[in-house]
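I am attaching a structure below and will ask some questions about it afterwards.
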Amino acid sequence: MGGGISSTADRHQFASDNYAGACPEAWQAMAEANRGHAPAYGDDDWTTRASGLLRDLFEVDCEVFFVFNGTAANALALASLCQSYHGIICHELAHVETDECGAPEFFSNGTKLLLAHGEAGRVNPDAIHQLVTKRSDIHYPKPRVLSLTQATEVGTVYSVAQLEALQEMAQRHGLRIHMDGARFSNAVAAAGVTPKELTWKVGVDVLCFGGTKIGMAFGEAIVFFNRELAHEFAYRCKQAGQLASKMRFLAAQWVGILESGAWLRNAEQANRCALLLESRLREIPGLEILWDCEANAVFVMIPEEIRDRLRAKGWRFYTFIGGGARLMCSWDTTEADVEAIVQDIKELMNQR
Amino acid sequence: MGGGISSTADRHQFASDNYAGACPEAWQAMAEANRGHAPAYGDDDWTTRASGLLRDLFEVDCEVFFVFNGTAANALALASLCQSYHGIICHELAHVETDECGAPEFFSNGTKLLLAHGEAGRVNPDAIHQLVTKRSDIHYPKPRVLSLTQATEVGTVYSVAQLEALQEMAQRHGLRIHMDGARFSNAVAAAGVTPKELTWKVGVDVLCFGGTKIGMAFGEAIVFFNRELAHEFAYRCKQAGQLASKMRFLAAQWVGILESGAWLRNAEQANRCALLLESRLREIPGLEILWDCEANAVFVMIPEEIRDRLRAKGWRFYTFIGGGARLMCSWDTTEADVEAIVQDIKELMNQR
Amino acid sequence: MGGGISSTADRHQFASDNYAGACPEAWQAMAEANRGHAPAYGDDDWTTRASGLLRDLFEVDCEVFFVFNGTAANALALASLCQSYHGIICHELAHVETDECGAPEFFSNGTKLLLAHGEAGRVNPDAIHQLVTKRSDIHYPKPRVLSLTQATEVGTVYSVAQLEALQEMAQRHGLRIHMDGARFSNAVAAAGVTPKELTWKVGVDVLCFGGTKIGMAFGEAIVFFNRELAHEFAYRCKQAGQLASKMRFLAAQWVGILESGAWLRNAEQANRCALLLESRLREIPGLEILWDCEANAVFVMIPEEIRDRLRAKGWRFYTFIGGGARLMCSWDTTEADVEAIVQDIKELMNQR
Amino acid sequence: MGGGISSTADRHQFASDNYAGACPEAWQAMAEANRGHAPAYGDDDWTTRASGLLRDLFEVDCEVFFVFNGTAANALALASLCQSYHGIICHELAHVETDECGAPEFFSNGTKLLLAHGEAGRVNPDAIHQLVTKRSDIHYPKPRVLSLTQATEVGTVYSVAQLEALQEMAQRHGLRIHMDGARFSNAVAAAGVTPKELTWKVGVDVLCFGGTKIGMAFGEAIVFFNRELAHEFAYRCKQAGQLASKMRFLAAQWVGILESGAWLRNAEQANRCALLLESRLREIPGLEILWDCEANAVFVMIPEEIRDRLRAKGWRFYTFIGGGARLMCSWDTTEADVEAIVQDIKELMNQR
């Protein structure tokens, strides 16, 4: 077996944190879980342990569910927060708006996303007020949920103070708060506060805690701090095809990264590399950093011909609107990887 | 880590084939896939290889998609075969009817399951005719799909001749054919024919090929023999939360069990154990076998107090309607496991 | 204009109570409403008056909504009572099961109807208990609603005592109660009690009160006795295409039939004709009445060749399962109409 | 009866064309239809006649369906043109986007509206190109439909040449064309061409032809020029609660306004009044007309205190974004009505 992997796999790419595999801690736990028989559908010990570890992490008695991927985590969580005729306020660059192919609308049977402006990928509290008060008739979906992405799509992080301002606005308008935490670990690492300070203490009702991007092979946790909203959520998961029969393989990975601390260590490594990458790129004349790097992504304007040549050299990355390149660091990115791509960019820029 | 697994995990249970873990071939391939970076969302080499292997297996140029679990596989496949106002004909014991918590209805936005009778878990062709001709007005969902489970919910298998009769009926009434193949491998092993003889050669439009129950940690393949029906199916998977970002972990397991032949070997082992179990149980006075064992399940009427005592001895199994016990063999069930439970049953029956 | 109406329209048919037009009281009110301008979407005085009249009728402060037809009324009401993963218990002959083309499943995004047995079209309380207790795992929709049809599909009527028994069972299992009252007026006329005794006093949470079949051109009222369940229901109506812009044309008809008492008078006339029809048919040898006539329908076994000849004579009626004819009386059916069809049946039976 | 209508109903308002009642031609036909019995669900002669008249009007063999209101007409038509993972391109001011409370998303089970820019309420062909080419990955809904509103939300009209340019762009990108014709009659009257020149000759696949706003009590026609797309559409209507049982009351109104020519005469009257209104308002210093009036609406910036005083004088109208007033003329608006409101506005402006 093997042999089919192309040469571009021999290096660590900056395309996405989901280009990376599973980290040793997640893998090892999954290997341990793969022994003998275990009850299906979450009635196993690994699931119990993983749930307990998440309660410990958030220092609160929350309800926890494990699903396969981030699209489902967000869409199911949102569906449990609203009815089909409600509106979900999110940033215009939010992943649920731009990259889920209508999953929130599908799972909620027609809920509309209402797009808020805001600097650096962060929802502006005033934009919420504007969206909620603009219309109050039944011909327009009633705003019911505020969805925040932490860290944001452009690699920035909401501070506790910013979240408090959003919480106040949400409370004023009767909005529940959903947090898309595909990169929640990176946000915690960046903010330097405890998980609870970024979630239930600032009014987050439900967090979709990303595992895939922080070192798991697959799997996300849906954490309900508002436990009433979790009522019958297991049925929702089942009906929507998100109840794993061999749940232990999902849960064990969580045990692996939580018990070992890898969930945070991995994020710190990715963030550190991104910060290094940003600082090195800022030294190169002719490049422009689009947003201050606060987590594990660097958005940089690179001329088109340089991007093409970078790709010709085997590098993979996403191109952002208007010609920016998104360079994403993952748990296995190393300082050497950063220097390697920086070196290539520098050379190409000099050859211009 | 570890230590939390309860004592019942120390033995192989007969509760479900999803109590078993991942087989060595699937696991090893997944381990190999967990090296370095790979493109996300199926643009990796493992996915290409797995798709090719499935095409080879079915000896036809089919379209292949990998999803997380069986609920999603069946519900998404059915959604691609019908509109919300259509009806899906299935056996009254079909898993899509009895154990999916309304997933087909949810993914199809309201499609109705129309229940057909039939001996030993098999849809009777005449029952199809009856259902289709009973109503032809717009006040009742228009039958559009015939969904067959192979092997069936009660451990029987459709023969090629039986499938041909169903195909003829489906064609007469303009029905597309979906096959729920959660235990397709067991059916192939039991029928002793090639995969194509049980699928596209008898008119199956789309097969949901189960991986989880035959030795994978998770994962099912949706195989469209009618390639037109696969049009834009990737969008459907994405929107429904079934597009794995680290797809290689799904695909590699398929490579592992297909290249090694484990997909069939595992099924043969499970079937062999089930047949042994059936024959040994038939020797015990006071028990009644409900359906002839043809695949990997034995359904046996066991007095309630005996069932309770079996459970007290640590055995796990599902109870079927009317007091039957379902004893399911998996890829890792051994002849010794069979003898162990038979011995316990025999003793308990003798003590009555 | 005109002239195109076929000769069968010259007589009153027994096909359905929706073959009849609008009664004078409904028509006259609609004509009065058709003067000048009025605010749209229900902000008009007719809507206020109609709502008030319904509150008076039910002697309680209920929430009232007006929609276009019965399919929508039932499906929207049910959608407000349950989530997509819930089950709705109804009689196996219930209109929501047999004649709505999957509308409840569509509006609720996948809710499953769970079919209960019961004599004479009435749900048996024990059947509810059986359905609720049969399964309690998350692989099967959780029963949440009991849907009753009053009068039933086979022309029978639930007594207050029968409703009380159902209420008790519903409460025991946490089921909300929906009443499909397409022929609620006929039931009230038959039961000889007040509307409240058949609804909120026996635990009905929401009633779909039929207007179309009792003399309106179109229109049904959704009456929430459990007012919490009406929360945001106007949004649901709007999103589902059931908010009439010129609402006064719906509301005025209700004003017309409620203020004048026609809603009950019409039902009494239809019931009286049906009872006459039943008694006259019982006199004819060779016919068999299937269910005791309690409202406005008579179900009678008529030999196929007689049915064909009746149709050849211009009569229209629906054929029921197994060869029965459904003869339905409407608000404009007269005793002469009854005698006319009885005469034809008698003659045809004699000629055999 | 009566008496409850408030004094504001004594005058013709400019709030909306759905403040007007039914015109005599529609009413009279409905009255004629209200005689005796007629088959239900569209199997009556009025429905046949109305369908034939629409085919005559469009000079083509189209498929015709009658539904209750515009929300349902548009949402059902769009649902028949796309799958849940598709995108519908429409103008950012389109009614389906701004005033249907998520109905298109609900009926299509999650389809996303993709918003195009364009002057004066008209979709710009280049904006279509931009939307279609911006994304081509499966993480974003695939554009499948172009939805045009004719006349537009801001009272402008697409010319034949403009429609041809849009048709070319739609064909280039494989988009089907839906036309929201809530005010299609006004557009025909304004454009001075035949109905076919604004529809199937410029590639429109399906038109939602508004009846309510042009003089019916309620009712819209869905006209499929692309007849394949109408396949099984009756089932869709039924399941979605849009199949009228007493269909003749919908169909007769169409017969009434089509046979008599009222459909166009009413539009001409409304347009004429709107043009008069526009020209008279242009004479008043301090007002600003926002868009050239081409159909039956005038959008004018009026200072807030003047708007308040106008309302105090009993006038009703909608306020548009940024402080504009929408003054809408209907079939029963008269030149005297126009002069009355103009006189009041003029006086109030002079008093400033």
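Labels for the chains are A, B, C and D, by order of writing; each one numbers its residues from 1.
Heads up, the rule we're going with is that contacts are C-beta pairs under 8 Å (C-beta built on N, C-alpha and C of every residue); 3 or more make two chains touch, one makes a residue touch a chain.
Predicted model, so just to flag it, every value in this text is computed and none were measured.
Participant: Compare the contact pairs of A-D with each of C-D, B-C or A-B and report the one sharing over half of them by residue number.
Facilitator: The chain pair with the recurring interface is B-C.
Participant: Between copies subunit A and subunit B, are the contact residues mostly the same numbers or mostly different, with half as the line?
Facilitator: Looking at both copies, the contact residues mostly coincide.
Participant: Just give me the whole-number Å value for how far the CA centre of subunit B lies from that of subunit C.
Facilitator: Each chain's C-alpha centroid was found; their separation is 42 Å.
Participant: Subunit A to subunit B: how many Å between their CA centres?
Facilitator: Each chain reduced to its C-alpha mean, subunit A and subunit B end up 33 Å apart.
Participant: How many angstrom between the C-alpha centroids of subunit C and subunit A?
Facilitator: 50
Participant: Would you please write down the residue numbers of subunit B that are in contact with two or more other chains?
Facilitator: Where subunit B meets two or more other chains at a single residue, that happens at 84-85, 100-103, 106-107, 109-110, 138-139, 141, 235, 238-239, 243.
Participant: Within their complex, state which residues of subunit A touch subunit C.
Facilitator: 41, 83-86, 109-110, 138-139, 141-142, 232, 234-236, 238-239, 243
Participant: Contact residues on subunit B for subunit A in the complex?
Facilitator: Residues of subunit B touching subunit A: 1-2, 4-6, 8-13, 15-16, 18-22, 27-40, 44-46, 48-49, 67-73, 75-76, 100-103, 106-107, 109, 212, 217-218, 235, 238-246, 248-249, 255-256, 259, 316, 332.
Participant: Quick one: which bits of subunit D touch subunit A in the complex? Just the residue numbers, please.
Facilitator: 84-85, 87, 98-103, 105-112, 138-141
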